[in-house]
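Pasting a structure below so you can have a look.
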Amino acid sequence: MRVDGRGDRELRPLKITRKWTKYAEGSVLIEMGDTRVLCNASVEDKVPPFLKGMGQGWVTAEYQMLPRATGTRNQRDVSKGKLNGRATEIQRLIGRSLRSTLDLTALGERTITLDCDVLQADGGTRTASITGAFIALHDACKCLMDEGMIERYPWSSWVAAISCGIVEGKELLDLCYEEDSICQMDMNVVMSEDGKIVEVQSTAEGYPVERQKFLKLLDLASEGIQNIISQIKEEIK
Amino acid sequence: MRVDGRGDRELRPLKITRKWTKYAEGSVLIEMGDTRVLCNASVEDKVPPFLKGMGQGWVTAEYQMLPRATGTRNQRDVSKGKLNGRATEIQRLIGRSLRSTLDLTALGERTITLDCDVLQADGGTRTASITGAFIALHDACKCLMDEGMIERYPWSSWVAAISCGIVEGKELLDLCYEEDSICQMDMNVVMSEDGKIVEVQSTAEGYPVERQKFLKLLDLASEGIQNIISQIKEEIK
Amino acid sequence: MRVDGRGDRELRPLKITRKWTKYAEGSVLIEMGDTRVLCNASVEDKVPPFLKGMGQGWVTAEYQMLPRATGTRNQRDVSKGKLNGRATEIQRLIGRSLRSTLDLTALGERTITLDCDVLQADGGTRTASITGAFIALHDACKCLMDEGMIERYPWSSWVAAISCGIVEGKELLDLCYEEDSICQMDMNVVMSEDGKIVEVQSTAEGYPVERQKFLKLLDLASEGIQNIISQIKEEIK
Amino acid sequence: MRVDGRGDRELRPLKITRKWTKYAEGSVLIEMGDTRVLCNASVEDKVPPFLKGMGQGWVTAEYQMLPRATGTRNQRDVSKGKLNGRATEIQRLIGRSLRSTLDLTALGERTITLDCDVLQADGGTRTASITGAFIALHDACKCLMDEGMIERYPWSSWVAAISCGIVEGKELLDLCYEEDSICQMDMNVVMSEDGKIVEVQSTAEGYPVERQKFLKLLDLASEGIQNIISQIKEEIK
Amino acid sequence: MRVDGRGDRELRPLKITRKWTKYAEGSVLIEMGDTRVLCNASVEDKVPPFLKGMGQGWVTAEYQMLPRATGTRNQRDVSKGKLNGRATEIQRLIGRSLRSTLDLTALGERTITLDCDVLQADGGTRTASITGAFIALHDACKCLMDEGMIERYPWSSWVAAISCGIVEGKELLDLCYEEDSICQMDMNVVMSEDGKIVEVQSTAEGYPVERQKFLKLLDLASEGIQNIISQIKEEIK
Amino acid sequence: MRVDGRGDRELRPLKITRKWTKYAEGSVLIEMGDTRVLCNASVEDKVPPFLKGMGQGWVTAEYQMLPRATGTRNQRDVSKGKLNGRATEIQRLIGRSLRSTLDLTALGERTITLDCDVLQADGGTRTASITGAFIALHDACKCLMDEGMIERYPWSSWVAAISCGIVEGKELLDLCYEEDSICQMDMNVVMSEDGKIVEVQSTAEGYPVERQKFLKLLDLASEGIQNIISQIKEEIK
């Protein structure tokens, strides 16, 4: 029995609120249990220096937690003058995941920035960010198409992400914070709707893990992601 | 007739949601029209170096806007390595306002930090932050009393804030962004429930303003603040 | 009786030395009692990015205290990598005050930067900076006119500033440091020569203040500023 | 046929030079083809604040490339005031990998820092760093045991790392830079000598990858790592 | 004939004003021609970490130019987040020079910081800073002795500094800015009153210089420094 | 007898390895006893802003020590957000020395950056850097000539550097770390092959030094530099 009563292969309730703020071209409040992330997509008519004049666009992400998104208050990064290492790692992961299935030439010379701000954290903030950012990116692209700025939809497959891990010897899907803090291996997986792999990041905590268990986690994640994508499609259509 | 149809002396709808996040000792989402600020109060058992061993507490504030709280995206301060000048000015104002009516010795050697994060900005974010932070501070103090950590309530009077300004020659209460961006004088006022002055900041834009008009703004603000404090008391009791 | 023997409505001796350094287009050493600020105006043929091609100029200010301008030495901001919050707040105030009565289009695409460096601090450094910077700005504009760079004088009214406050229940003009450190409300006022308001910043320390006393401070400041402007006109003509 | 004539499952020549510098407790120059990383282990009698008084040690890593380790010169991070995102991500990976099989209580209250400085980069610098750092860590621990500072060896299993990837549709082991820059999926794997998984990081570039191919990469990496560990044991014994 | 009419071996007028500010334990405004540096000595009852508990004091220096000390305005270092390289180099030189003849144990566990702020620059600011700082240091030590804080005078010999250089083939003493900007070799020399060498820094600009000419510069500097020390002794006694 | 058995006027063994890395246009590993510096020269087709359009090139240097180049580990500068003062001073010295005999117009609008990274430090790292950087610069220029990018060799004379100092009353050439840490005066000298002076930096530690001894050090350095230049010419021809 898990701390919140779920089954081992059970996701937490997923809630998606689109247009949560009024300015952003795509704005999604994603809630996965008590984890709550605001994902805003902003379109700008410029590209980073390394892409100037190359006729393609760019998608990038920024990730931050509010100081009191967690049980104890964290000092703001700005007061230390630089982004913390964990956030740096996560926002690079989000950016790569979003670009992996995207046709950047379809965007024209535009940059879409996905701001993922964690308002409340209870495990799985990076995967919730990826899933929410993908929907916000979808809405921003839709907005560009509706205004005739771009001609075709820049991707062909939905992408979502989930975490899983080994807790007290059992493989569990969608870890909450309490589970995450004691897990022996955690895995973050990003997959497309046809079950292909976009990104796998898996870390053993304490001791190495057998290949067998690693593969079981991969299966669990795959199942969870298909479930999430179904829910998103229901929401979007 | 104002851009949003209000009368000159009319506030925008005020909505206060307490316990908006689950971790903070006080957590208030304050909405003033489309302006939306999350005010979290965090209690920590330490004081800044200059107060160590002096048997009193401290209250401080931090203010930030999410990158897409506004019509166009603003770069995060952390990527520039330091807080922007406007936010610096505002968070100092919030901190001073909250401390002005507080008995810091009642807190013991504790610091309460008020994080005011603007999720959506439509004018008056600094005054909404002060009003919201005061409620979050109230809830955090209540929480300390309920747990027996402090013995008495650290203040005697409610405090709230509002902006007003001269727009196209008319004195208006509670400016929205569109009004704020063209006003000839703007004024931010913080007052206690008995109508006394905690802080006044008033700036002429373009040309100096007659004393008469300045005083009229002060009256407008006073009226607005009494209205807000009534609504808060209704909410809290 | 005040600590330095002055009457309640009495200014400290004001001394203005123009051309204190030889390079700056305007260079004023302003002394207000023991407060001593060097205000240098530098003209540059460029404008900030947000004004490029708009056919107008810009006026901005920077404020710093030398490490030993005060009773104990303060660490330099550069060694902490960023300007302190107080200086940030003050230099924004100086810049706004100078721009409030200025016709920026008369400057052409030029920036005038007012560097206000406090060499010795004894209360009222921000208001002395505004008053001194205004004179340095005047001299720099005069210099531009003499060289035929600009055609008309960019303003129509003198501006000056003063502080006042409530100390041990009494309203006092032009606080020195010893008074400032114990005052119940302090007020910084910027006004034009015709008695109109450019900026008011007033903060209660400890407990809120009655509207009546606030207005009395405003009158005191008004009187002091007219006095200062008379002295400046004597000096300049 | 690969760019450097190797077979698909063939490692580049591995060369390990221990005691490359004279001061560090462990100092290893690891060369994997033209990739050349200096891994220095430094022992210090202190732990980070979060471990103080907990009777255990800590192992951490720092990773940097010399400006001209690559084909074109990169600006030093110090001149930008902060570590770049890629290095941040990599040094976190190295630290986690080294700690994964380590008994930190065996170290006592000591920190061992592994500095991985890339002197020349030709692909696989992060995995070479992990492998080299593990040997330097071994030598530093040996040194501590020889001096009677610690009583037992703090780990039970060797760990090493390798990269692999899909290039033009083929799964290849140990990518050089030319291969890495065009691969469709790259995978970095850290494993223990008994074939268990410490860390897997795998990223699709361009389009998602079938589970089948992902597993084939995992096998390739596993084989490569066993080969590397054999070579290390030969070197160390 | 030199640009300001001086002879080749002639110093510019030297003016020393002690107690220029009222707070610092030693405060000297030194003027060497149009070069004007404020040197404040601050005594603090603490030492840097590397000297804690070693029963000795420390002397250090900080050097900065005001933004408009020069013909064109320089951006403040704080806005770039770090001290510029030239100032770093100079303040290290000042600190070393002051410590060279000082008995740091005589100070007890105190730090004296010499802030050298260039108010107006016309060549030779670093050597004027050393000379002025030495006098400020003297006054601060005198003040410590008068208050019975230290028992003996911490040095035995006066120290001063001067610049010289080769301009259009001629060796000149005490270069002004116009000469300095075109010199073929410049030399900064710090010497004690008995003609011994504390520091020599000499740089060829454009092409190397014969040993003979180098020695002639050294003689010129030696003569100039004795002259300066005579003037200081006259002033101090 | 010196700590490493050398005579007073004896250099440590000098070893120069060219093309130590494969990417840089000039790459030299210079070893002077146990001091080991990697000097890479990188050519870029751009000049700093102050030289744009002036038809000449630029040569600059950067200097850093690896964290464990020394007996105890030093924190990386990047983690403190800025280069340390000592490295700032040294890289300015290296840059000036290299430019002193160079015809920058012969380079065209190119910048050559010399990265001097100290891999192991045992005294004399700054002078070894200058000597090594000069050879790397030579190789980079040779490379530009071979490719027909520049027409003539940009200098006419070899330049090298050495340290010397007074240790326990004796003048010694080429100090190792143990000697350097206790010397009464240290001197760093840069000279051309015809014995002219490029740069002299000499600092007394503890007490001032007689002119006589200063000149003896200068002679020692001169002799050492001629010896080094002979060895370099042997290596290069």
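Going in written order, the chains are labelled A, B, C, D, E and F, and every chain counts its residues from 1.
Going forward, a residue touches a chain if its C-beta (ideal position, glycine included) is under 8 Å from a C-beta of that chain, and two chains touch if they have at least 3 such contacts.
Worth saying up front: this structure is predicted, and the values here are computed from it rather than measured.
**Student:** Expressed in steps between touching chains, what is the minimal separation of chain B and chain F?
**Tutor:** When the steps are counted carefully, the minimum from chain B to chain F is 3.
**Student:** I need the common contact partners of chain C and chain E, sorted by label.
**Tutor:** Looking at chain E and chain C together, no chain touches each of them.
**Student:** Please indicate which chain is farthest from chain A, where distance is taken between mean Cα coordinates of the chains.
**Tutor:** E
**Student:** Where the centre means the average of the CA atoms, what chain is farthest from chain F?
**Tutor:** B
**Student:** Which rotation angle, from 0 to 180°, best lines up the CA atoms of chain A with chain B, given as a multiple of 5?
**Tutor:** C-alpha superposition angle, chain A on chain B: 180 degrees.
**Student:** Quick check: how many Å separate the C-alpha centres of chain E and chain F?
**Tutor:** About 27 Å separates the centre of chain E from that of chain F.
**Student:** Would you kindly tell me how far, in whole Å, the mean C-alpha position of chain C lies from that of chain A?
**Tutor:** 50
**Student:** Quick check: how many Å separate the C-alpha centres of chain A and chain E?
**Tutor:** One centre to the other, that is 59 Å.
**Student:** Which chain E residues touch at least two other chains?
**Tutor:** 81-83
**Student:** If you connect every pair of chains that touch, what shape comes out? Choose line, ring, star, complete or other.
**Tutor:** Its topology is that of a ring.
**Student:** Can you list every chain round the ring, opening with chain C and moving on to chain E?
**Tutor:** Starting from chain C with chain E next, the chains run C, E, F, D, A, B.
**Student:** Quick one: which bits of chain D touch chain F in the complex? Just the residue numbers, please.
**Tutor:** Listed in rising order, the residues are 21-24, 27, 34, 36, 38, 40, 42, 44, 62, 64, 66-73, 76-79, 81-83, 113, 115, 117, 119-120.
**Student:** Within the complex, which stretch of chain E touches chain F?
**Tutor:** Within the complex, chain E touches chain F at residues 81-83, 85-86, 88-89, 91-92, 96, 100-101, 157, 159, 185, 191-192, 194-211, 214-215, 218, 222.
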